[in-house]
Amino acid sequence: MDVVYFAWVRERIGVPREEVETKAATVADLVAELVAREERYAAAFADLSALRVALDQELSDFDAPLAGVREVAFFPPMTGG
Amino acid sequence: MDVVYFAWVRERIGVPREEVETKAATVADLVAELVAREERYAAAFADLSALRVALDQELSDFDAPLAGVREVAFFPPMTGG
Amino acid sequence: MQVRVQEAGFDLGAESDAFAAGVAGSGAIVTFTGVVRDADAGGLVAMEIEHYPAMTEKALEAIAIEAKARWSLEDALVIHRYGRLAPGERIMMVATAARHRKDAFEAAEFLMDYLKSRAPFWKKEILTDGGADWVAAKPEDEDALTRW
Amino acid sequence: MQVRVQEAGFDLGAESDAFAAGVAGSGAIVTFTGVVRDADAGGLVAMEIEHYPAMTEKALEAIAIEAKARWSLEDALVIHRYGRLAPGERIMMVATAARHRKDAFEAAEFLMDYLKSRAPFWKKEILTDGGADWVAAKPEDEDALTRW
């Protein structure tokens, strides 16, 4: 599964994109796996209320299932306009 | 006193501007004098709720006194923009 | 703050650029442009706009001053034409500039609501069938003022 | 309906003219332009705008389609830049055209509210003191969505 990061999430994790081998059932499960892996993930995911997630380029939420998803994106609230 | 007319008020009365000799105390008194004068004024002033008045280029109302006023304007509701 | 009442046309792009160039401190610029569209029943030859010259600029300036007093604006522009206009011609424009978008949008809407009902212009539609109709003020235009 | 995501600058006047030329049936045209203004604390060198290319046009089109479904629009335009922008540079613009001003204004505000909080852009302020700050989303920007 491709996982992509933007803005300060990208900066904390240190890469814009990576391939992750996972059997996580939901976004929250995937986050838990990443957080357990290394401190930089724990730093990025410390406050989920400050984060947004998109599945295959559609906004979603942390309870959403990952079945069939090819790209997960994590980022802070958007600041367009 | 100068009296000026715009839009269909001007068309009904037939002149854009005229000088009127009057001792009318209020706008309503002036209207009554004009209406008594000729049919074209009666046609123009038939429905005062469809008219607006400005005294010396400031929007006013039919109860307003005319003391010191130099120019009275009658017109339908404005349609700017 | 700039108010212009003129018979000549204006160049929307050039006016927008000039206005934007003068408001370096603003994050938000809103423009509104009013265009002569075909009459609701179709068959419009021209729109004739009459105004009350002695009152027009004074009224527009009062409206623009009120907008600047009520919102945090760096600048505001009002251009309004009079005379005979063909369908598709631009009648008027307003522009507002503020630090934040809310001020710029609200002030532009306020200017438009007041121009509609408080600026001494009257529009007459000249129709292809030889008729001509004075455009009636809409009750909702008068109602729109109550929100400010 | 036109949506453009680009690194290059755009010409506000030319875009306004081109948009207006394409909407002959509309009586009302609204534009909003967002400009890089100095940071609230002063000392801004540049604004860096990051985006999520695979998602951006899709998100902007969804927002514009929603606007056309909710208001009676003849056309709508969204241009949004990314990359490094200096103070005074234009970040983005929207334009809307409708028969009546209410639709044009509301749709433009709707587009802006949704672009602020639902289009995948992130802004970073590069400061003269060598620091850099990600611009935080404002609670009022999220709240603004609830009115639609």
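Residue numbering begins at 1 within each chain, and the chains themselves are lettered A, B, C and D in the order written.
Going forward, a residue touches a chain if its C-beta (ideal position, glycine included) is under 8 Å from a C-beta of that chain, and two chains touch if they have at least 3 such contacts.
Quick caveat, the model's predicted, so the values are computed rather than measured.
Each step here moves to a touching chain, and the least such steps from subunit A to subunit B number 3. Separating the centre of subunit A from that of subunit D, both taken as means of CA atoms, is a distance of 26 Å.
Per-chain CA centroids place subunit B at a distance of 48 Å from subunit D.
Residue positions 81 of subunit B each touch two or more of the other chains. Within subunit C, the positions touching two or more other chains are listed as 34, 101, 112. Each chain pair that touches appears in this list: A-D, B-C, C-D. Listing the residues of subunit D that touch subunit A in their complex gives 34, 50-52, 54-55, 58-59, 80, 91-92, 112, 115-124, 134-137, 142. Against subunit C, in their complex, subunit D makes its touches with residues 11-17, 20, 24-38, 87-88, 90, 99, 101, 104-105, 108-109, 112.
Those residues of subunit B that touch subunit C in the complex are listed here as 4, 6-8, 10, 54, 57-59, 71, 73, 75-81.
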